[in-house]
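Paired with chain B in one complex and with chain C in the other, chain A is shared by the two complexes that follow.
Then we have the complex of A and B:
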């Protein structure tokens, strides 16, 4: 499953992390790959301290380790204690490097995008994953296109504004040409005063794909910021309940 | 539709409820701001003394931003905007939300009439299809995209989870 947004700041990584937790909790093995190599961040949401990360996706892409060594079992911090021999639920995080030098190297030299694809397949097989969530880089570049192309589900996250509508439409049309099985849209950061029914109608009319979730602009979400998993901190919040509905739709 | 009158509604951004309504009939220019001379006085520290104007045009009303803290529609800063019934904007990025209502929808001068607002007439989000196709074609005609499309067929025909080898996706 590739999770993408045209612009930054849409809440993509937060949504990805929360969906990963919700899907895993339903009894699955879930992997989360941070392919936003230029501006990684999802490890923060999973409360993974940088000094506890030895290998990253960058090491794999530059041939310094097998991808399995860049995968971290974050089940306990993200869901809670699971008996050691229980295979499910499990969450694995494959972070990108936050070292400036590593980011600069990717920007300067790029990397073999085909190797990324091999890495995805190896993760699914090696970790016996039921779901692999790919947190993509905003905008359209080679790894985004690859992530879209190989995904069974392409989840687009956007804010309800004109710029997002237009930019997201481009990615969506490309996904259509790549014949992705399921394309879904989540609207995030919807101001309370906005007419939600009208909004859904307009986006579905413009895109001809289902809007599977409408997340409100939430002060609590902003407070948690990227300091943790929202559905764990505020399970009864309407934002969290909407995330549960989205996770159910995605799994269908 | 009559353009001679309109109303402005102050909206509670949390609940969407109308907090206050100002109705206007005669006049060509109306000032929105914090100063007491404004036609719409908003007691918010985020609002400038003179923040914006609503001006009469030949075919309706226009909103003009004056304040440096700006006027925002759907999060986007605007300078001038032709007003349509139901359009909402914020004074300053996080300031108060106002909604424009024309005479008929605002029920002005026809007390007791049912207020009916067909929101679908005033879409907030519209795609520029031409721009979209131009951008999509530009990417789709690129070598990488074409290559990817070719290899996908090959990839999808493989058993699930099979490994691709690097030389098949250069």
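Then we have the complex of A and C:
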């Protein structure tokens, strides 16, 4: 599943992390890959400190290690204690490097995007994943396009914001050309005063794709400030319950 | 000049992504791995520049008639095109003079002799076909132009139309070719004796040495092949490289005469119009569908790239590419070009 926004700040990484936890908790092996090489961040939400990360996606792309060595089992911190020989639930995080030098290297040298595809296949095989969530860099870029080309589900996150709405049209055109099977939209950061039914109608009419979730603009979410998994800290919150509904629909 | 609608930028980008995600990449990768261990043959050494080639170089490229490209290995290493240039200069001669005038100067019969044999058809005094050196010199002689620079320019522009970008001559190779080109000069003089070449044939010999020295990559060869597969129109730039009615003559000559004295068995077993060169390149065309380029400098006794021949043979076998194939149950090459969804 490729998760994407046309612009930054839509809440994509937080949504990805929380969905990953909810899907895993339902009894599955889930992998999360941060392909946002230019501005990595999802490892923060998983409370994975940079000094505890030895190998990253960058190392794999530059041929320095097999992708399995860049995968970290974050099950205990993200879901809780699981018996050591229990295969499910499990969550694995494959982070991108936050070191400036590494990011600069990718900018300068580039990499073979086909290798990214090989990496995804190897992750699914090697870790026996039931789900692979691919967190992408906002906007149009090779990592995103490749992820769309091979994904079964393409989840678009957008705010009820005119820039997001216009940009999403671009992404949808690309997704249609790449013949994605399922395209789903989640609206996030919806102000309390906005008419939600009308908003859903407008988006579904404009893009002809189903809106499978409507997440409110939430102070608690802002206060967590990407410091952790929201659904763990606030399981009964409106926001969390909407995420559960989204996770259920995605899994169908 | 373009016949069809040029694929837009978006389509090119999407195409690259599809190629990156296609199972065909894996198949080509496995082929590459398989034949990496094949180390038969020797690198051409009649000129020092060719002898310098790394015998381990090995690239495979495929470009479809709608512009999708797949590359594995050393697909961007440059090497001299050598004889692979011959069918295309033949094409230029056809455009400049028309079929009958060209056939009055060069035949289209395969010959069992070596490519550099100093021999002409006894009855007609014509060189046997455009793929042997004698025939290639005769077709180079037919390239129009007010003077030598213009003729060289037209020849290079023609290759640029096929490849989709400007091409350049390796000067060191060119100078070496002309310094050692004694047999070719002898053949030129013999043909002049019989009126098969014009009074500016010495200039044409220079043109011939230039054309052999053009630098290409195996991806370029696949693109050139794809242009022929696409009826003479480059699938990415949509520029027409040769008039549609001449495409069949190039492909026929390649099928019957393209692989030196292996041409008969090649047409029989592999069944694809192809041309090889002593620089280590082979281009093969699957008409209507794609061009295949292979690069590996080690040559067999007949002057064909050892790995190149094996790769083409294996692709033809696996996917039923023989142009006269009657059996329909081979794996589909086109199916392997679709992005494989993760599962």
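Going forward, the second predicted complex is superposed on the first by the 252 of 252 C-alpha atoms of A that agree within 3 Å, B and C clash if a C-alpha of one lies under 4 Å from a C-alpha of the other, contacts with A are read in each partner's own complex, and residues count from 1 in each chain.
Basically, a contact is a pair of C-beta atoms (placed from the backbone, for glycine too) under 8 Å apart; a residue touches a chain by one contact, two chains touch by 3 or more.
Since the model is a prediction, treat every value here as computed from it, not as a measurement.
Asker: If chain A is used to align the two complexes, do chain B and chain C fit next to each other or clash?
Answerer: clash
Asker: In the superposed arrangement, does A:132 touch chain B (first), chain C (second), both or neither?
Answerer: In the superposition, A:132 touches chain C alone.
Asker: Looking only at contacts as defined up top, I'd like to know whether chain B or chain C touches more of chain A.
Answerer: More residues of chain A are touched by B.
Asker: Between chain B and chain C, whom does A:107 touch in the aligned arrangement: first, second, both, or neither?
Answerer: In the superposition, A:107 contacts neither chain B nor chain C.
Asker: Could you tell me if A:206 is touching chain B, chain C, both of them or neither one (first, second, both, neither)?
Answerer: After superposition on chain A, A:206 lies in contact with chain B alone.
Asker: If we overlay the two complexes on their shared chain A, which of chain B and chain C does A:163 touch? Say first, second, both or neither.
Answerer: The first partner, chain B, only.
Asker: Given the touch rule stated above, what does A:142 touch, chain B (first), chain C (second), both, or neither?
Answerer: A:142: touches chain B and chain C.
Asker: Is A:198 contacted by the first partner chain B, the second partner chain C, both or neither?
Answerer: Touch status of A:198: first partner only.
Asker: Is A:117 touching the first partner chain B, the second partner chain C, both, or neither of them?
Answerer: both
Asker: Once chain A of both complexes is superposed, is A:222 in touch with chain B (first), chain C (second), both, or neither?
Answerer: In the superposition, A:222 contacts neither chain B nor chain C.
Asker: Just one of 4-12, 58-66, 166-174 or 310-318 in chain C runs into chain B once the structures are overlaid; which is it?
Answerer: Answer for the clashing stretch of chain C: 4-12.
Asker: Name the residues of chain A shared by its contacts with chain B and its contacts with chain C.
Answerer: Looking at chain A, the two contact sets intersect at 112-114, 117, 121, 124, 142, 145-146, 149-150, 173-174, 177-178.
Asker: List the residues on chain A that touch chain B in their complex, please.
Answerer: Its residues touching chain B are 112-115, 117-118, 121-122, 124-125, 140, 142, 145-146, 149-150, 159-163, 165-166, 169-170, 173-174, 177-179, 191-195, 198-199, 201-203, 206.
Asker: Can you list the residues on chain B that touch chain A in the complex?
Answerer: By the definition above, chain B touches chain A via 11-16, 74-76, 88, 97, 119-120, 123-128, 131-132, 135-136, 139-140, 144-145, 148-149, 152, 155, 161-166, 168-170.
Asker: Which of the residues in chain A end up touching chain C in this complex?
Answerer: Interface residues on the chain A side: 112-114, 116-117, 120-121, 124, 132, 142, 145-146, 148-152, 173-174, 177-178, 181.
Asker: Chain A touches which residues of chain C in the complex?
Answerer: 10-11, 13-14, 16-21, 25, 339-343
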